[in-house]
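Two complexes, one shared chain (chain A), two partners (chain B, chain C).
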Partner chain A sequence: MTIFTLIIINKAGGLVYNKAFHDAGLNKISTNDYLVLAGTFHGVHAITTRLNPAKNVPDRATITATPAAPAGILTRPEPPSGLEVLETENFRLQCFNTMTGTKFLLFTDTTQTNVDVTMRRVYEMYSDYVMKNPFYQLEMPIRCDIFDRKLLSHIREINNR
Partner chain B sequence: MANMGAAGKPPGKEAAGLRYPTNMKTIYNRSLNRSKTSELSQASFAYLFSEMVSYAQKRVTGIQDLEKRLNHQGHPIGLKLLDLLLIREPPRSQTRPLTIISLLHFIKINVWQHLFGRQADRLEKSSNPDTPDEYMIVDNEPLVNAYISVPKEMSQLNCAAYVAGIIEGVCDGAAFPARVTAHTVGGKEEGEMWPGKTVFLVKFQGEVLEREALIGKG
Partner chain C sequence: MVIYSFYIFDRHTECIYSKSWLPPSADGSAPPQSSGAAGSIADRRSTRQAGDDAKLIFGTVFSLRNMVRKLGGDDDAFISYRTGQYKLHFYETASNLRMVLLTDTAAPSMRNVLHQIYINLWVEYVVKNPLSPVEHKGGVGVKNELFELGLDQFVRGLM
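Our next item is the complex of A and B:
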């Protein structure tokens, strides 16, 4: 069980962070390729949100009272999430899209469990050590020592388990 | 209609610019001990402090200037904190610190406990005989820097200059005029364990030491 790489993509499709935690397993790619990968994934993700068939939205006339939504209150359908998981024989890619459109991509071993817990933790660290840092400019590449340090120690702990 | 609304209120209240709650209970009506044990959210403080640093960063000429601004933001807090903490002491020990050592202990224990919920990690006197006026308060991981990564090109900066300003306020309020600066010492040989380790250098003014010497004689 291994976590290979973390990539963070901003809402415009630009790569703001990439970090490889494990040398073996996946091919090394250059920073340029990471940028291309981020941009491509951003586009593919945008397409998949459109491909995703809308959930069955009840017609306005046929709405009846349910415990969750009393009569008269229209429920908004959940927005399509788009691509969430991509699995190959070599790795598994999990994508987490925040409310603000930032995407977290974790490349893991196919047998890795609890990726969503790890993802949550990474998101927490991002909100703590990146968003609360007065020297970080939004949408720009992340260069925060404390974020690097905390992330590395957390992932190393998981990889050594 | 707008005129009628305004006529109902006592004249002059709007002009003063202060708005009172309807029951006329402002924070000045509350007991000073009311918020003695209450705690604040660290996240909201982190966001506030982050904005304070960003604000101080506007229109500054350099890192020294930025630290000075942060220092000035903390200074009035220190002045007021001294009074508040002394009044909360039990009546017997309600005197302000009269010697350098008792003042530094007061800062290390009472002020730190009030601000950060724990004591400062160490208190040192400068070992250099040329600078007997310098004392050091050591904090292994200052709360204000918990989420702050200073970029490489500003490595001189330590945002705990704000806390240094608070300490300076306490010293000034107690009639021990001093200059306090914050320095990062983590990342060196023993700093690996505490990368954010910060030293607050307290440099008292000459007259303080003169007075201290006189008190020692008498």
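Our next item is the complex of A and C:
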């Protein structure tokens, strides 16, 4: 059970944070390649949202007339979400898209469990130590010492479990 | 488990076969009994959409495969991804033939299913067909009766 890497992508598809926690597992790629990867993933994520085979044309009739809704209350179906989990032979990628469009990507090995919990914890740390940092400029690369330290100690604990 | 659709892409990135198991009303196109110009426009829209979908799916799968190879090494293979609404399964043969299956999110790994389709249907009915060309430009040689029937039966057996 290992968490390999964390990547944070801002809402424009730019890489704002990347950190490897484990030397083996994933190939080492340059920061430039990470930037390309972030941009590619951002685009692919947008496409996967559109590729919903179950309802290609969300027209007004299906939005207003949901059978499960109580009478008189208009409900709209959940907006389609993009890629959430990607599985390959060597690793697993979990993506969490916040309400504001920031994406958190956690690369783990294929047997890692409870990635949701870890993801939530990482998001909490991001909110506490990055968003509450008065010197942090929005959408810019994250350089917060305390975020780094807290993240590292948390992930190390999981990786040594 | 629900299977939505199935696509085959050749090594020239062309979609040579696609099939959808969605009921006509669920995929947004008009039911077939609707008559006149409205029906034909809806049909045209749904076929255009199917073509666009195939291109989008290929783009997605291609990008993700390259990303996975870069990170996981050249021997790594992209298996599937899941969103809140559907799950996409991917299988690539040594000859760069790519097969894609879209199912609901609860489906287990369909890698062996795609492998079976390749072995038992593609190789048997398309590759071994003496009348089928080597390159299936525009889907020539793929849409034969045995392959379509076999695929439909196999997939309906899974649902």
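We take it that the second predicted complex is superposed on the first by the 143 of 161 C-alpha atoms of A that agree within 3 Å, B and C clash if a C-alpha of one lies under 4 Å from a C-alpha of the other, contacts with A are read in each partner's own complex, and residues count from 1 in each chain.
Here, contacts are C-beta pairs under 8 Å (C-beta built on N, C-alpha and C of every residue); 3 or more make two chains touch, one makes a residue touch a chain.
As the structure is a computational prediction, the values presented were derived from the model and not from experiment.
In the superposed model, A:82 makes contact with chain C only, not with chain B. Of the two partner chains, chain C is the only one touched by A:37; chain B is not. When both complexes are overlaid on chain A, the residue A:135 reaches chain B alone and has no touch with chain C. Within the superposed three-chain model, A:20 lies out of touch with both chain B and chain C [touch as defined at top]. Looking at the shared chain after the overlay, A:143 reaches chain B, while chain C stays out of its contact range. Within the superposed three-chain arrangement, the count of touched residues of chain A is higher for C, of the candidates chain B and chain C.
In the superposition on chain A, no residue of chain A contacts both chain B and chain C.
By the touch criterion stated above, chain B contacts chain A in their complex at residues 43, 46-47, 49-51, 53-54, 57, 147-151, 154, 159, 195.
Note for the complex: chain C touches chain A at residues 4-5, 20, 22, 26-28, 49, 53, 56-57, 59-60, 63-64, 67-68, 70-73, 75-86, 88, 102, 104, 109.
Residues 128-129, 132-136, 143-147, 149 of chain A are the ones touching chain B in the complex. Partner chain C is touched in their complex by these residues of chain A: 26-27, 29, 33, 37, 40-41, 43-44, 47-57, 59, 78, 80-91, 107.
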